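As structure tokens, here come the structures.
Same chain, two partners: chain A is paired with chain B first, then with chain C.
Our next item is the complex of A and B:
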């Protein structure tokens, strides 16, 4: 059952027996029916990072700030999710492409979506790691694949921007970046001079260049959460 | 649509400022209102805000406002004019209570007419309104109305009308699984979780939920109305208990 928006800040998931829904821990607002919640850790060790299972993997995720505890909802009923009054956007995945989102922006997703935590170094080598460190994104992002729906959080609403084929490149402020879907490569473009070092720069020295085909969501705010 | 500049004649009477869910305009015409301290954004006319300890209408305060715990957070607004109220950028709605009773989180109650009685609820942090009149409530996000039985994150609970005995529900299953998560943290199994985070307020998980108990006896007739379509639906079923929920209450701190 896909996730449904109730209003701009709340999403509803309808649970049937045998299904489960993964959500950020503490994001449940209320529920009806017979539902239980079980702590769940992101399957970072399962794929993408075979060498980083167990304690080491978790320590790495905690250090990188990528560790947001999740919980699974099981049973039968309707569960309503929201977090800190932030806006919620529901994105439907048709199975053909992968959604990349930071864990702290992930509110809910269908349990049958595959999730993995991926080190940025595996995407862009050292540049990826540099990007994570410089933009404050951390060294890991969450990737979701399969058919189903995902709810992501944004401050003030997420704006979808198409990348390709007519517009091959979109440049995004790293703090405004929410998530992206499709075949997009992300590259950091840093143009840091002495002015930035003394606080007299333009404030836009670090930018994310998104190229390829797909969609990028941005928020009209630089607030992190 | 151009920029609209408001005047005392174009501002609405007891309604949201046009196009703005976060500001509300109250008309004062001699009858005072209780308003929470700091809620005033602007006013036209001749309006006075009197602390409850030294108002010019001590009889009304004594008769209507019986909550010593919160009396320092409230003032009596009186005079003539248009008063615009706001609260931390939260959505504001007005509700009419018709010989009813309604309990609301204290930090979500913004103003009420002195035709209503204010009492301190037995549930800490909540206030109860009794009688007939208007009140304003703020919420971080639109208010949703739900019918018990249901379980609510206590931080998301705004209030309830006529609802018998809310109670805490502790999920024993969660705690068992939590021990499993702690074992995972120590490497004993592959499932992970961070026990430390549970103690942080923002991450308070869901094992504590407020339970709206089932109704036991026929409720006295009451009506909670506001101008939103959702609530108009609920007007049709005046005998039912309702619980109001918003995305997050003001009690929870905003995102860092």
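Our next item is the complex of A and C:
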């Protein structure tokens, strides 16, 4: 069952036997029916790090900072999720494209979506790694593929911006970036001039450039959590 | 003139067609098109304004955004209200100002003793001219309160955002022996407005 928004901050998932839903640990608000929660370790063999399963994978996750603990809900009933009063956005994946999101912004997703942790270096080479380090996003990111729905967290709500033929390039502040879907390549642009060096910059020195086709979500705040 | 709209309640959208606007430094969350960002200091006024800023501590760090494209602004998930000015002026708390378009000037003015005790500085910012002003309000949408000569208004200084019209602002203290020994109600200082105009407040105290 797809995830449904109850209001702007709470999301409902309907569980049927044989299905499970993965959520951020501790994000359950309440449930009805016969539901069990079991700890879940995030994606094993990732496309970017094929050799890292098991203990090595765990170490990798801890090093990368992409180690938000997840839990799986199983059984039959309705489960309601929310976290820290943050706004929730539900995004439906139709199977044709991939959602890239940071682990700490992930609230809930359907269990049958494939999730993997990808090193930015495998996407954009050294530039990707530099981007992660400079923007504080870390060197790893979470990717979800398949058919299903995902709930992502944002401070103040997120607005979708189209990237495509009519909008060839969308530039996003790294702190306000939430997630993106589709065939988008992300490039860091450091627009640092001498003004920034002497503290007279406009405060917009480091930016993420999005090109390709897809949608990028931007939150109404520059707070990370 | 740059067109201002909102997307939802918390994101300001500016449509630039080769012109420019000023916004709080670092408030851009996304843009598309060919847009340049440059520090604008106090938003014009040159050295004198810069000096004034140093002395007054009313910090208003603006950037000038120019070019062709769409720019999105947001600050800390605060709600945004767009106010149109037509050869008019408005007093704004500097921390609640997001963006200015067109021929709007900013000026820092001594606002009396109210700031000293409420901890907001002794100076407020006056915006005047013709154009649009985007205001921020924390905790929910901005609340506009009408003031009539028969109905003066008293507001908490921590919730005050802006006022316009011909208003007289005075400072009300309610300091008694209770508040001196720590038994006060927490509302010892208030702002009183008399005259004809509109006062904007936010639903959260700073």
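The definition used in the following text is that the second predicted complex is superposed on the first by the 213 of 225 C-alpha atoms of A that agree within 3 Å, B and C clash if a C-alpha of one lies under 4 Å from a C-alpha of the other, contacts with A are read in each partner's own complex, and residues count from 1 in each chain.
In the analysis below, a residue touches a chain if its C-beta (ideal position, glycine included) is under 8 Å from a C-beta of that chain, and two chains touch if they have at least 3 such contacts.
In this text the structure is predicted, and so the values were computed from the model without any measurement.
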Contacts of A:26 with chain B and chain C, given as first, second, both or neither: first
Chain B versus chain C as contact partner of A:211, first or second or both or neither: neither
Of chain C and chain B, partner touching more chain A residues: B
First, second, both or neither for A:80, with chain B first and chain C second: first
Which of chain B and chain C A:14 touches, first, second, both or neither: neither
Which superposed partner A:155 touches (first chain B, second chain C, both, neither): both
Partner chain(s) touched by A:221 [first = chain B, second = chain C, both, neither]: second
Which of chain B and chain C A:69 touches, first, second, both or neither: first
Overlapping contact positions on chain A, where the chain C interface meets the chain B interface: 155, 223
Chain A residues touching chain B - in the complex, by the definition given at the top: 6-10, 25-26, 28-32, 36-41, 45, 53-55, 57-58, 62, 67, 69, 71, 80, 82-86, 155, 223-225
Chain C residues within the chain A interface of the complex: 7-11, 25-32, 37-39, 41, 61, 63-64, 72, 74-78
List of chain A residues in touch with chain C within their complex: 87, 155-157, 159, 161, 167-173, 176, 191, 195, 200-204, 216, 218-223
Touch list for chain B against partner chain A, complex: 140-142, 144, 146, 149-153, 156, 171, 173-174, 177-178, 180-181, 184-187, 190-194, 197, 202-207, 209, 243, 245-248, 252-256
